[in-house]
Amino acid sequence: MLFSAHQLSCIRSDRVLFEQLDFAIDAGQIWQIAGRNGAGKSSLLRILAGLAEPIEGELRYKNQPLTQVQDEFATNLCFIGHLSGVQPQLTALENLAFWRACYALKPADDWALLAQLGLAGLEDIPCQNLSAGQHRRVSLARLWLTAAQLWILDEPFTALDVSAIAQLRQRFIEHCQHGGAIILTTHQALDLPEIPVQQLTLEYRW
Amino acid sequence: MSNFAFNSMAEFWAMGGYGFYVWLSFGLSLVALLLLWWTGRQGEKHFRSQLTQRLSREARVRAHQQQSSSVQESADESTS
Amino acid sequence: MFKWLDPYAKPQTLFNLLGRWQRVLMPLGWLLLAIGTVWGLGFTPPDYQQGDSYRIIHIHVPAAIWSMGAYSSMAIAAFIALVWQIKVAQWAIGAMAPIGAVFTAIALWTGAAWGEPMWGTWWVWDARLTSELILLFLYLGVIALQNAFSEQATGDKAAAVLALVGVVNLPIIHYSVEWWNTLHQGATITKFAKPSIDPSMLWPLLICIVALGVLFGALVCQRLRTSILRHEQHRPWVRQWAQEQA
Amino acid sequence: MGSVYLQTLRRDFRLMTRQKSDWLNPLMFFLIVLTLFPLGIGAKPNLLREIAPGIIWIAALLSVLLGSERLFRQDYKDGVLEQLVAARAPLFPYVLAKISASWCASGLPLLLMSPLMALLLGLDSKAYWAMVGTLIIGTPLLSLLSALGAALTLSAEKGGILLALVILPLYIPLLIFASAAVEQAGFGLGYSAQLAVLGAMLCVALAGVPFAVQHALKLNVG
C-alpha cells in the first residue's frame, strides 16, 4: 500500500469536519474526494499532505507511520493547493527555476515546457500580468517537473479552458500508468475510463 | 507568634503614617487576586452555557433532518 | 522516556486530577494568604529604618518571585509542548499567562507604592523595576499572540514558541541587577547568604510566598480545567460532564 | 540545500529591484524619525549628542520592525510557503536566505547611512566608530528577531501591531547594550565589553532563531 489513512478526525473552528475516516491508495490509482462546500475536502488534503495535523488518527506511507518517514514522504509528494504557489512579481521562468531548486530537480528546457503548456511568448513577463487560467497553468507546470509518485491536488481544473483540461487529463493518465497515484478534489466529472477512479464522499456535518 | 505590634486599632489603620500606601497596595492586590479567581470561575460558567446552547442546536438540527427525511419518505410512498 | 508524564497528558484524566487539586489548593492558598498577611501586617515589629511601610514586602516580594516563577513554569510547559507535542502543555501556557501577568502587575504596583514613601517617587528606572516591567510586556505579548489567530491551535503553538524565546530574557533580567547600580535594595533573601532580616519578620514573609505559590497552582488548575473543556468539547466525556453539572 | 539558499537569495534580490518601496520606505522612515527628534526637543547640540545613541537605535529598531512585516507575507499569501513546508527539506535554507536578504535590505543600508546620522546628530569620531561597531553586530540581530516576529504573527489577523507588541520587548537588551556602547565611547571610555555582550547575543540568536522561525512558519501554514 502506497499511502493510507487510519481513523482520521479533523476539527476546524470547533466544528467536526470528519471522524474516523479510513482510506488507502495504491500505485496507479486515483482517489477523488467529493463533498459539498465546507465539508472538509481541503482540510483533508492538507492533512494528507502533512501541512496540518489530524486531531486523531494516523497516516501511513508504504506501511510505515508517517512520523517516521516524513522526509522520504515529502520528497515523493507533489502538493498543489488552492493557492497557486506562484510569486506574482516573478516571471514564469523564474518561478520554475525556484521550484527546481526547491525540489532538487536537474535543470532542463523550461522554455519548451512552458510552450507545451500554451504559454509561449509569456515566459518572461511577470505572472501578475497573466490571466487566471494562464496563472493556473504556470502553477500546474510543477506536475510536468516533478518526479514525485504521489500527487495531492486541490481543485486542479479551476480556471482552465477545455484544451488545458484535456492536457491535464492526459498527464494524469500518463502518471498513473507509470505507477503514480493521485488524490484530488474536483467538482467536475473526472471521466478517465483508463484509470480506476475511487470516490470518497465527505458528508457535510453539523 | 509575637504580640500585636500596635497599641490600638487606630494606630494599626494608620500604619505609622504609611497607612495610605500599605492599604492601597494590599487592597489592590487582593482585588486583583479575587478578580483572577472570579474570572476563572466565570470562564467555566460561560463555557457551560455555550455548550448547552450548542447541544440544543445540534438537537434542533437532528430533529429537522429526521423530519425532512420522513417527509421525503412519505413523498416517495405517495409517488409510488 | 518520561513515561510518568503520560497519564497527565490524557485530557480527561488530567481534568479530574486538576479538579481534585483545585479543591485542596484553592482554600489552602487563601487561608495561608490570610494568615501571612494578618501576621505580617499586625504581629511583626516595625522595621527600624522603614517603619511600618516595610509591611508591603509581604505582598510585593511573593508577587515578584511568582511573577518569575510563573514565567518559568510557562517556559517549561512550552518546552514540553514543543518537544513532546503534548497538547495539554500548550493549553497550560494560556492558563498561566494571565495569572503571571496579574502577579507582575501586583509586584510593580506594590513596588511603586513602597517606593513613593521611601524614595519620594512612584517610579525609578532601576534595573529590577525595569526588568519587571519588561516581564509584564512579555506576558502581554504571549497573551496577545495567543488570541490573535482565527484557529486557536495556531495561537497556542505560536505562544509556546514565544514563551520559550522570552525565557532567554529571564537570566538577563536577573543579571541586570548586578550590571546597574540603583536605588533599589539588594536581594532581601538569598539562598547562600544569611537572611538580612529578623526571623520574626521572616516567617510571615515565607508564609506569604508559599501562599501565593499555592494560589498560583490553584488558579492554574481552575483555568486549565476550563481550557481542557473548551478544547475537548466535541468529546462525549465533556458532554456527559456538562449534563452531570446541569 | 546550498542551491535553495542561493536561489532564494537571488529571487529576493530580484524582488527587491522590482519592489523598491519595500526596503526604501523603512529607510525613509528612519531618516524622518531622526529628523523629528531635534525638532521635538529643540536644536541643542549638546543635548542631541548626549541622547543620539538612544535616538539612533530606537529609530533603527522601529524601521527594521516596519520592514520585516512583509518578510514572509507575500510568500504566505501566494502559497509558496505552503509548498516549502510540504516539501520539508528546503525550508531551512529558505529561512536563512530570507534573513540574509532582509539584513541586506534593512541593516546594510543603515550601516551605509551611518555617516549621515553622525552628521545630523553631531557625534564625534569615537562615538561614530562605536556606533558603526554596534550597527555591524546589532543589525543582524535585529533582522533575526524581526524575522522571528514576522514568522510568528504570519497568519494572525492583526499582523502589524501584534508584531511590534511581541518583538519589541525582545529588542530591549540589544537597545540597552548598543546605546550604552555608543554612550561610553562618547565619554572616551572603552566599550569592548558591551560589544562582546552584543556579540554573544548575536551568536545565541544565530544558533536558535532560524530553527524557531522554521517552526513558526510551519505552524502558521498548518
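Should a chain be cited, it is by its letter among A, B, C and D, assigned in written order, with residues numbered from 1 in that chain.
Operating definition for what follows: contacts are C-beta pairs under 8 Å (C-beta built on N, C-alpha and C of every residue); 3 or more make two chains touch, one makes a residue touch a chain.
Here the structure is a predicted model, which is why all the values come from computation and not from measurement.
Summarising the inter-chain layout, the chain whose CA centre lies farthest from the centre of chain D is B. Counting C-beta pairs in contact across A-C and across A-D gives the higher total for A-D.
The distance from the centre of chain A to the centre of chain B, each centre being the mean of the chain's C-alpha atoms, comes to 46 Å. Each chain gets one centre point, the mean of its Cα atoms, and the points for chain A and chain C are 47 Å apart.
Taking each chain's centre as the average of its CA atoms, chain A and chain D sit 37 Å apart. The set of chain D residues that touch two or more partner chains comprises 222. The multi-chain contact residues of chain C, meaning those touching 2 or more other chains, are 150-151, 233.
Against chain B, the residues of chain C that register as touching in their complex are 26, 33, 37, 39, 41-46, 51-53, 55-56, 59-60, 63, 98-99, 102, 105-106, 109-110, 113-114, 116-117, 200, 215, 219, 222-223, 225-226, 229-230, 233, 238-239, 242, 245-246. Chain contact summary for the complex, chain A toward chain C: residues 11-14, 16. Residues of chain D touching chain C in their complex: 148, 152-153, 155-158, 162, 165-170, 172-173, 204, 208, 212, 215-216, 219-220, 222.
Every residue of chain C that touches chain A in the complex is listed here, in rising order: 150-151, 233-234. Residues of chain C that touch chain D in their complex: 82, 134, 137-138, 140-141, 144-145, 148-151, 154-155, 157-158, 161-162, 164-166, 168-169, 172.
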